[in-house]
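Given below, in the form of structure tokens, are the structures.
Look for chain A in each of the two complexes below; its partner is chain B in the first and chain C in the second.
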Partner chain A sequence: MPNRYKSFFDKFTNFAFVIPALVLFCIFNIYTFLDLFCLSFLKWDGLVGGASQFMGLKNYWAVFQDGIWWSSVWHAILITFLALTLQNLLALLLALCVDKIIRGQTVYKVIFFLPPVLSGIVVGLIWDWIFNGDYGLLNHWLTLLHLDQITRAWLADPLTAIYAVAFIHMWKGFGWGFVILLAGLQNIDMELYEASEMDGASWWSKSRYITIPLMIPIFVIVSILTILGTMQIYDLIVSTTRGGPGYHTEVPITRILHSMHGMQNYGYAAAQGIVFGIILLIVSLGQIHFSKKFKQD
Partner chain B sequence: MILGRFLFGALKNVIAVPLIAFFLASMCCGGGGKKEEKCNGIVVWHWMTDRHETLLKLANQYKAETGKEVRFELNAPSDLYTTKVIAAAQTGSLPEIFGVLGGSPDMARFINKNYIHNLTQDMEINGAEWKNYFFLRALEMNAFQEGNQWKVPAGIYGVPIDVTNIQMLYNKDIFEKAGIIKIPETWAEFIQAGDIIKEKTGEHFFVSGFGETWIINSMVMNFAYNLMGEEKIIKTFKGDVLYTDPDWIAVFSKFKEMVDHKFFASGVVTMINKSAERLFATGKAAITYNGSWCVNVYKSMNPKLNYAAMFFPRISDQFPVVIQGGAGSSFVVSENSAKKEEAIQFLKWLTTKNVQITLATDTSNLPSNKSAVGKMSIILDTFAKNMDNTIHPSALPCLEDPSVEEAIARGIQSIIIGETTPEKMAETLQTLKQKIKAQNA
Partner chain C sequence: MLSRNNRDHFLTRVGVHLFLICVSVVCVFPLLWMISCSLKTQETIFNDWDLWPSQFHFQNYIEAWKGGNFGVYFLNSVFYTVMVIIGIVFFSSMAAYAFSRLEFRGKNFLFYLFIGTMMIPIPGAFVAIYVVINKLGLMHDVWGYILPQINGGLPFAIFMLKTFFDKMPKELEDSARMDGCNKWQIYWHVALPLAKSAIAVIVIFNALSVWNEYLLAKLILSDNLMPLQVGLLKFQGERITEYPQLMAGMTITMVPIIIVYLLMQKYIIKGITAGAIKG
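On to the complex of A and B.
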């Protein structure tokens, strides 16, 4: 076989291995996305066989005018902000502590990773019981501590509902951050610390010049996973508040589902999905840009 | 080294082609999921976990009586079931018999796209023998009237296999403890009973799953029917009467009144019905608002619960009190099935008196066949006797927009948590109604 053909055949063989995955990716990602994008310009009730109506940009205009939708986006952003800061701070502190422990590390890993592996619905139901106004465990403890004046139905009070949901989400989610951050910490070469210690570096200097710079890619991954995971929060909302009281804990996914199943307007739901996707993209790109800048500095 | 590289290259080429062929073939042929046993008879898709065993028993009985095979396939929960039915409709793989959840709008979509068989002729045959089996309200929910808003040809499209209605239930022990002998019939008596119970027993007066919007909406409709009648409600849905009308404000104010009297259990606005059922079953609330299916639930939660059903308290003498109710679960026949006639014969058999008694006795649900009433427990009979006073919004010729329905339930939640007033809620609703009207125009 001439070299020219052999080289082509070799290249084809390499690409051929990728084809099945590429075909699946195109069908289930590219095609569905394009279909969703087209759907966002239509009014369609979700059943094949009936005529769908072309709406132009009306669905998008309606999304921009939908106050409940934007308040749901704000709720998701609020929960995400709390998760990014408090949840990941807790995860980092625990990872730093466990990193120093020589014995029993696995036990702590298992304990901290238990909440993330539980079903969101189960976690929601457990915390629904803990936060219950009548027989909830939290109110019971507060009463024992003579703090009766602050007892309430935490998930039904408009002042606390969104924070209660955010707390449950953070409790469920910190284990992911913990595991990833711990893996990142354990990947840092110990020789770097030993060399800096010989140079007389303090704890702060070691953290400032070794730990933090080397952990930045890990922080970026954890932050992006937190943003994407939290913005798409759904199961906890369904099992605790169902978006109530009023609209106080509505999030984008519950609104999209309401548009699909409640209003039977799949086109509007698709437009909401596209707008939400763009928001997620902007937030993630912003996060990456910010992290790169931080790393350069 | 060279030999190794050569062998690897050759092996790569040998493996690549069959591997790609395998992937493409498996993609075209579908996955290797569980192979379903072929059924020669008719297939029924349902979502009723609590009735599955009894339905299987009845399928065996049917086979023994007629020699015909029926296979019930359970797909639960109902969300998953709905998704499966929609997907099957899209791919043309609906079974002979299935159910459409979601009321008239969803049913209309399926009918208009020719997925559901019109059963009117079968119901009317032999002097409407089959049609006369059923409670009127149960059939209404499966029928479409002339000139309905979905443009569905008038007719009966579904077969109710049981019925439900939603009523107030009271805890007899709590009422006795508070010294209340007369069960409230009017709104004033209801409020008075609540005040007495709160004062004398310290228990919550009222609990219900107000975290689920349909419960709030059904209570709103009960008040509205009693205060303004069906015609005005339909006019409101059509946009001819405003939500800022004093009658509507009076309806919303009933919830405010209950708030002012501190009747609601703590956290009621986000409470799911299951939690409300638990509170009532454990004697922590005097009154609840729940559907006839609760009999089964309370039996499993607390068999010793001493309770009874009471009719919804009257707020006005202008119109009769009607409660929400109608068909509980209904089946439809696939228009595109080759075994349509067999499916219809099976549904006829399933709704005969004796089969309905078996279904009702085994599952503690109300039978759709009215001649089966009287053979059940006292509480179920009480529910069944009120079937003639029921109405279901889905049976109306015109329905409210789902967004407005949602806004009503959320508005009531906001009234209960003190965030809004009935007047403000009415204004918000009217604004939304006008916005939707403008969008549709």
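On to the complex of A and C.
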């Protein structure tokens, strides 16, 4: 009997190591997930103890009919598309360049990864100041170049606001792709290249049969990180345009926050969050599926 | 033939460096411009277009620190960063040690549950976190801000440390056990000190993300508890015309990050590549 008791005690002390992590996990992951799910069927103003009303699927139905919501999703998709193409192309180009050079690799790595370590708020405020319509450095330079006719308040003009935000986002983000792609390139076994050179392989066939196939998993990782990071863009928006002018730079997170604190409608905010989560999941899975197909061909 | 080849090679190399230098300038210039503007006066900031200010008005920093309240925000940010990191390091290392070395029921299930949540993004989670914090009575409380962030850092840290502990030689623990150490002592005196390099990566990554966090702080904390990121936007909203002081506040926010980054850049870049390529 004492032996059995001892073994139980032993197992329990083993388990005790994970208790702190598990408690937090249950509160902030499992409970919040279930709570979010339940909330999405209710109408509730966020006051603890306040009345809530069961809505069924009405919140979801309202999300589907909410034009501003879908335009905010569209804005996030637009910025994501630009980041996936322009930003990652730049990252790849830089990685290929830095991979080739011998001296200064570390210096370039440190510099290119500087914007990603800064906060979205600080980065947004810096560029807000540079893009300022009245006192901004960009307009000053354009005036010096006699391009007065295109000067404008870049972040307040409906024509340019979303692209200015996308530019800032890409400026902040390309270092991620660069560092990961460079590591991928440097991970490729040099012997593969040497062997193919002995067989007289051209630059193109080396790229086609060695570099590209080995880099595909890395491209997938970079793409998924880009998608997840860009779709959830928020800090840059709140420190530059705050969704304006009008609704021109609204993104899903700003809309969810508006439902919470603007409309006091937590059920609706939860439904938006879940719909948005599903969109992200579909996009990520689609990306993985697409790249697997590409790999087989 | 050879010399011509060499010359072409030289020219490509120069071209490559020129391109890389251009991009570097685009990366660094905005930051220098911010620092430069933080040293101009309320009058010169609107018409002094030189990167090197005509005179250095360090007064802005003193005013921002005191009058702009950035001193308070700074200490708040330091406090949150330290507390979250302490929580993450201890909770994750204990859990990772147990997942790697100790036996208990449901071990694998729990481990994959932790790691699984790392992969699935729940973009609306802050709605529910806000509600839960409210229900727990932790609204406008430092713990309401610290605990969710500890939780947020755990999966990655547990994953990293478990991989590390899995590779750690068993003999070290065996000999400690012979010397009469119990498992808490082995964890504390043997495993934890050995994991220093993995812990360094965890500390740096989480320090960056806590220092830069905005949304949760905005939702949960009240005025005098705000960290720097929220303080910056509050300052900008209330004193829109005081650009030099705002720039000084931004520089105060950025400097610790830059120092940590420059000192630890090796770990940071290693951490990303290890995380991305192996994970």
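One rule holds in what follows: the second predicted complex is superposed on the first by the 268 of 297 C-alpha atoms of A that agree within 3 Å, B and C clash if a C-alpha of one lies under 4 Å from a C-alpha of the other, contacts with A are read in each partner's own complex, and residues count from 1 in each chain.
The definition used in the following text is that a contact is a pair of C-beta atoms (placed from the backbone, for glycine too) under 8 Å apart; a residue touches a chain by one contact, two chains touch by 3 or more.
Keep in mind it's a predicted model, so treat the numbers as computed, not measured.
Peer 1: Considering only touches as defined above, state whether A:Met263 meets chain B (first), chain C (second), both or neither.
Peer 2: After superposing on A, A:Met263 lies in contact with chain B but is clear of chain C.
Peer 1: Output check: A:Ala62 vs chain B and chain C. Expected answer is one of first, second, both, neither. What do you get?
Peer 2: In the superposed model, A:Ala62 contacts chain B only, not chain C.
Peer 1: According to the stated criteria, A:Gln232 is in contact with first (chain B), second (chain C), both, or neither; which is it?
Peer 2: Second partner only, chain C.
Peer 1: After lining up the shared chain so the two structures overlap, which partner does A:Ser119 touch, if you call chain B first and chain C second: first, second, both or neither?
Peer 2: Touch partner of A:Ser119: chain C, not chain B.
Peer 1: Based on the superposed arrangement, let me know which partner A:Leu92 touches: chain B (first), chain C (second), both, or neither?
Peer 2: In the superposition, A:Leu92 contacts neither chain B nor chain C.
Peer 1: Considering only touches as defined above, state whether A:Gly46 meets chain B (first), chain C (second), both or neither.
Peer 2: both
Peer 1: After superposing on the shared chain, does chain C or chain B touch more chain A residues?
Peer 2: C
Peer 1: Check the residue A:Val251 against both partner chains and state whether it touches chain B (first), chain C (second), both, or neither.
Peer 2: Touch partners of A:Val251: none, neither chain B nor chain C.
Peer 1: Report for A:Thr13: first if it touches chain B alone, second if chain C alone, otherwise both or neither.
Peer 2: So A:Thr13 meets both chain B and chain C here.
Peer 1: Of the two partner chains, chain B (first) and chain C (second), which one does A:Leu24 touch, if any: first, second, both, or neither?
Peer 2: In the superposed model, A:Leu24 contacts both chain B and chain C.
Peer 1: Where on chain A do the contacts with chain B and the contacts with chain C coincide?
Peer 2: Looking at chain A, the two contact sets intersect at 13, 17, 20, 24, 46, 48.
Peer 1: Going by the contact rule at the top, pick out the chain C residues touching chain A in the complex.
Peer 2: 13, 16-17, 19-20, 23-24, 26-28, 30-31, 33-34, 37, 45-46, 49, 90-92, 94-95, 97-99, 102-105, 110, 113-114, 117, 120-132, 134-136, 147-148, 150-152, 154, 158, 183-184, 187, 208, 211-212, 214-215, 229, 232-233, 236, 243, 246-247, 250, 253-254, 257-258, 261-262, 265, 268-269, 272-273, 276-277
Peer 1: For chain B, which residues are in contact with chain A within the complex?
Peer 2: Chain B residues touching chain A: 9, 12-13, 16-17, 19-20, 23-24, 27, 82, 86, 89-90, 102, 105-106, 109-110, 112-115, 204, 211-213, 265-272, 275, 279, 284, 401-403, 406, 410-411, 413-414, 416-417, 419, 439.
Peer 1: What part of chain A is in contact with chain B in the complex they form?
Peer 2: 9-10, 13, 16-17, 19-20, 23-24, 45-50, 58, 62, 128, 132-134, 152-153, 155-158, 161, 240-242, 244-247, 258, 261-264
Peer 1: In the complex of these two chains, what residues of chain A are touching chain C?
Peer 2: 11-15, 17-18, 20-22, 24-25, 27-29, 31-33, 35-36, 39, 46, 48, 90, 94, 97-98, 100-101, 104, 108-115, 117-122, 125-127, 129-130, 135, 137, 140, 171, 175-176, 179-180, 183-184, 187, 218, 221-222, 225, 228, 231-232, 234-235, 238-239, 252-253, 256, 260, 266, 269-270, 272-274, 276-277, 280-281
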